[in-house]
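Take a look at these structures.
Next come two complexes built around chain A: one with chain B, the other with chain C.
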Partner chain A sequence: MLNKLFSFNGGVKPDPNKSASTREPIARLALPPQLVIPLHQHIGGTPRPLVTVGSTVLGGQRIGAPDGNVSSAVHAPTSGRVVAIEPRPMPHASGLSSPAVVIEPDGLDTAIEREPFDWHAAAPGEIRDFLRDAGVVGLGGAVFPSHLKLNPGKSGHTDTLVINGAECEPFITCDDMLMRTEPENILRGALIMQRMLAAKQVLVALEDNKPEAATALKAAARALGNASLEVVVVPTRYPAGGAKQLIRVLTGIEVPHGSRSTDFGVQCFNVATALAVWRALEHGEALTRRIVTVAGNVERPRNFDVAIGTPISHLFAAAGLKPDTDKLIMGGPMMGIPLPNIDAPVVKATNCLLASSPTLFAPPEPELPCIRCGECARACPADLQPFELYWHSRARNFGRAQEYKLFDCIECGCCAYVCPSHIPLVDYYRYAKSEIWARERDKDAADSARERFEFRNWRADREKEEKAAKLAARNAAKPAVKPADGPAPAADVAPAAAEDPKKALIEAAMARARAQKEAVAAKNTDALTPAQKAQIDAAEERRKRASELSGSDAPTE
Partner chain B sequence: MITALLVMAGLALVLGATLGAASVLFKTQGDPLVDKIDAILPQTQCGQCGYPGCKPYATAIAGGDADINQCPPGGDEGVRKLADLLGREYKPLNAEHGVEKPKSVAVIDEATCIGCTLCIQACPVDAIVGAAKQMHTIVGDLCTGCELCVPPCPADCIDMVPVTETVESWKWRYPVFELKVQPATLPAKEAA
Partner chain C sequence: MYNSPYLRQNTSVRRVMVTVLVAMLPAIAMQVWLFGIGLLLQIAIASATALACEAAMLSLRHRPVARALGDGSALVTAWLIAVCLPPLLPWWMIVIGTSFAIVIGKHLYGGLGQNPFNPAMLAYCVLIISFPALMSQWPGLQGSDAATQLDWVLGGERALDAVTGATPLDALRTGLLGNADVAAVMQSPAFGHLAGAGWEWVALAWGAGGLLLLALRIITWHIPVAFLGAMALVSGVAWLIDPSHYASPAFHLLAGGTMLGAFFIATDPVSGATTPRGKLIFAACIALIAWLIRAFGAYPDGIAFAVLLLNICVPLIDIKTQPPVFGHKVEPPDGGAR
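Coming up: the complex of A and B.
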């Protein structure tokens, strides 16, 4: 029994605004005329499409194969026809496009025959592979592939498994409604995770502003009668749902800079992820739907159970978007990202869609200079000094910003919330982080170019040496040939004498031809990554098609 | 006797220290400087600086044979970083060597390519794959955008296409209005 809760530093208490969207139960949203399913919806490699334009798919059919182990599969939410595989606008602050599979549902909603999987008997590695192929990723917003986290690691066991239902951000209620609706299955999923992690205890935590969900979970826990599982109600304070913050509240463990909670025997998952694990293992259901809160400047705020790939406009239409909406946000008001495109699809990371209006969220006040009041540092739940991060990010002094642990910042927005100078602090951190990532990418690219350049130079040198050696061999052979060469008819006069030099000559010529062939043939086609090979194959394919099209006049040289 | 011992011990100490200092000194003057310069250069390997690659240019800078403003792909930021590393005065890019351009990658028009392999031989980083008399193609991730493959192509089928932003490479914008006068003073700090 947990008899003592701890507390994290800082934090704020914004108006929760959660009651509007919890009045009605979760509504299952009808399918839109087109589903746009992005291939890349999680942290890690981009899945390879498994279908082609024109093919028919069934509900739950895998349409994207995970690219390596740090990746996750993507599935069709319903039956229909693939009408396109092309870049489509993403629910991303950039509004840019990424490859997606576009499906036109046939309305029959025929599901694929589910592969039976006996997880009770399966080895942990097999369960992990199964979850990867079922597309189960963290549904709290981070979309990290769950199978990678369901590994007890070297130690072989975990102390505490935390199931996070805190849902501290204003407006968002999808986890709250899920805990009210399916408490038993969430807990069953948690127990499977406990088994996979060999965890001593499971703590299902939620904030004390969700009494209905707490009651439902506690009743379900009693019914399950597992002594190692406990439902813990924590005080409401934003951001209690941050993984590090929640772990600190529950266990008192302060995960220091540069370490992970698993180093301290604690692993944390969102409640919806626990449910997805249960559904995948018990019912063979791939992750193709999720609960999304639609709130803010809408007529009927509500939670919807939607197919992944549903256009966001479809949800706002169902909730009744008010005409004076000036901005759309994916996520909540504290950590959400602006959504430039209303036709972008719902993805696995979409927990909330928030419409903003000038009356709901007053336009930001003009930014004033930092007065170094320290309010931000008092509010920061990550124990950072936000004004220092701001100062160095603003001055583009990224090295210094990193020294002040920029990457420990969880972008919770507490600092900006309390700042009397109305500085959009988080915008500066996001800017600085993406600049640093870009520089790292550039550096990696430069390093690889340097390596390839040096390798090429080394190869050129070696070839030169080989050629020189062959030339020397030929020159050595020549004097012996000359007498035979001089008087032409002399060749048949002394065939025996000419035999040896002739052999040498032919050999030299063949070596020359070989060397030429070697120089001509590309030697850079080996040691390519599968992605590059795929690129090459695709190009060969195009070439073939091009020459087929132009028929006999195709250039043959 | 004791004085003699002390003198000898002292001598040994002084000599040891000199040796140590010398080794440290010689270390900083050797290859590491070339490597440090090379680490700043963009590794495009285009030769616009007048040297056959970034490393030779780095060697020339370290040897005092070349100026620090000859690398167009490195751009203004590169010059500033070099100035900073070498404790030299910043100077604008020397236009004789070319101008800074947005990063591009080469794309081969696969229908026109005659498979002559001339571009493969020109590419300094082996970013082109293909074999004799077969269509060649460029592996976009590896291409540095040096443009060296463009002139040798007899079929004129290689185009330089600017790299577009993707969801992965997109960057959050600087949050305040960019003042036109500011960049001249700000990047100096950034290089620090």
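Coming up: the complex of A and C.
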């Protein structure tokens, strides 16, 4: 079996801080008075609501239908009444709202009758549809719809299925506790995934700082007695749990940015996703609950089994939020996002809720100039030169930043973690990326506007030509005045004389229109500063150039 | 509101700079032991000048003075200037050199992190070009009493020949120019077992400080290894071809500024190459040029000139030696994406 582990460059070793939240077993959290279930909890299309305000729902009932195949369903975690369908604040750094179904639980927790689904006999496509309708998405944080990844693609098979239990970020222990509690079902889920992907081997990987979980998984693997399944313990080093880093450690394969790991014969899922697949297929359970670590500046750090849609405040209340908390974070201390709103709900992506205090995570010290010490380059797991990215991002030299492979940055935070100058490096990359995206959007908009404009000009030209051709044909059909000289002078002389009064009329009308236009325009441009005038002139100049250009570029056929 | 990562390693520019200062202590102690306490006075003068210039420039540039002064970078520059200079130079030369380094070498280029040239080497070159005679007078090993040394530094009457002599590199150059061969020159009492008497110990102390920097991960192995390796290689080849005209690799490694340059000068991150391969090229070229200047040039040592020459090449070296990014090291199997 697997006899050699590989390594990735860089990485850091922060204090794991995992013991506090693993002392107590996972606690099932009581339902809150109101559940707020966002319709859009995954990558892809926003589901359409299937319920209306006032309707009653049962536990496990679908309340949002997937919008196309790149989407996933959303379900009610318990029975109750829909009291609102409206935008609610999301657990996102922006604090923006997004459509959500608000349910008041009736306390009976009546479940919907589950339709039996014989996945053993079902075709892979049917299983994928079933998983999409069960709302199974990646629970490691990316929430990519799982059914899309459970497809071996053109080749029809996969070499390695990686089940990711590395959980490398400090403080987060939800996967650790899940692996300790339900190792058999995680592996059973993994074996279903193996079947769907036609994978030769399954590697369940976790970091060596989780010995209890490793023991539990290994015992479960022995009990299953499947020779193609192996539990692999990898060295603890952040970000070993990043999919690309873990694939590199296990197989030596480096999946470049922009490529899919399936092109390299590897597919990777989180342990909790494997369990969700098992529960969906074996028990018909839709994804309505997940394990959330509540840690940091709380009295009782712990893992909670929570209904999706539970307000975050409800979890912090259960764990006992300490009064000197200055900030709430969803995710870990390396990549987590700041939460502006404590009443935002737990979503499928919520793996950890972290309370921060000035003593736990000190506010950053003032930024000093970069001294090019290269610590960031040594820490970067993507083998980038972070200080070069920083120089170019800071100078708004985005082209250069892209040449230095800005978009290969996974924003793991290692560079900022080691920076002696305390530069918030990742913020610079986020800024540069969003600027580049914004420019690309602008450019796309400008491109399509230009195309529309050019097409309009081309159509006008074509219509003119067609009219001229028709006219010429009509004239040619008339008896020629001077057959020897050809139709051209005839068309020139005869109609010109005939149309003279008409032409004069048209010209007079156009002159009137021009005068009127100028009068109106003058009103707007009377009291202009020289700068504004210069601007207008420049715009006129550009417009003239653009029309010249489009005139020469326009299609000629 | 600040964003991830919220965890930060306990590190700072100040900590880096203070570590470098600490790593310089063994060699400073050795020089004081061998050549007298003049060096300590030089260090004090250079430090005071550097801090004053730094503060003045920061306030002229409207930058927060206290925070930047506290980073320790000006002190590192000052100490490096002081240890390069003969310890009995008059005080005003140190002031000229240090203020040139800080004002022109550092702040006119934009301050910490922006200077293309190593400030300490700039100061050294300015002084050796402007005052070649004074810059070649090193006190003999027998030393002189502290009072005399202080008197000289502070501008007293100088009876140079009584206490100063040529450095071993100087003596070698003069000897070879006078048609003596290496072996004959090395018979002079200025030379010790491997290189210059006493000098070899200073060099070893620089090496010890450098190993400390390596162990504490302030520097990586690339620059010292490439520097010393290239120096040993070129001097070794020349020595094997003609041992009567070229000194041995051991001499070149332990004489002059080789060890100081390999561990403390070429490793300056701001003005040096940053990529692993770039560091190797950068350091090997410095050693090569330094040896060429020693063997054929007009100056006894060439580290400072070599460092400045390679500083100019850093942008090019860095661009040409970018390491491959994760996933872009080999062509993807389908030969497709990107």
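The rule we apply is simple: the second predicted complex is superposed on the first by the 435 of 557 C-alpha atoms of A that agree within 3 Å, B and C clash if a C-alpha of one lies under 4 Å from a C-alpha of the other, contacts with A are read in each partner's own complex, and residues count from 1 in each chain.
In the analysis below, contacts are C-beta pairs under 8 Å (C-beta built on N, C-alpha and C of every residue); 3 or more make two chains touch, one makes a residue touch a chain.
Keep in mind that what you see is a predicted model, and the values were worked out from it rather than measured.
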* Partner chain in contact with A:F387 - chain B first, chain C second, else both or neither -> second
* Now for A:A93: first (chain B), second (chain C), both, or neither, which partner does it touch? -> both
* In the superposed arrangement, does A:P424 touch chain B (first), chain C (second), both or neither? -> both
* Check the residue A:A446 against both partner chains and state whether it touches chain B (first), chain C (second), both, or neither. => first
* **Partner chain(s) touched by A:S356 [first = chain B, second = chain C, both, neither]** => second
* Given the touch rule stated above, what does A:D263 touch, chain B (first), chain C (second), both, or neither? -> second
* Asked: Which chain A residues come up in both lists, the one for chain B and the one for chain C?
  -> 93, 424, 427, 430
* Asked: Quick one: in the complex, what on chain A touches chain B?
  -> 40, 90, 92-94, 96-98, 367, 394-398, 424, 427-428, 430-431, 433-435, 437-438, 441-442, 445-450, 452-457, 520-522, 524-525, 528, 531-532, 535-536, 539-540, 542-543, 546, 550, 555, 557
* **Partner chain A, residues of chain C touching it in the complex** => 1-9, 11-13, 15-16, 64, 67-68, 71, 73, 111-114, 220, 269-270, 272, 274-275, 318, 322-330, 332-334, 336-338
* To do: Enumerate the contact residues on chain B facing chain A in the complex.
  => 38, 41-45, 53-55, 110-111, 114-115, 117, 120, 124-133, 135-137, 139-142, 144, 165-167, 169-176, 186-187, 189-190, 192
* **Touch list for chain A against partner chain C, complex** => 8-9, 12, 14, 93, 170, 244, 248, 254-259, 263-264, 327, 329, 331, 333-338, 356, 361-366, 368-375, 377-378, 381-385, 387-388, 404-405, 408, 411, 413, 416-422, 424, 426-427, 430
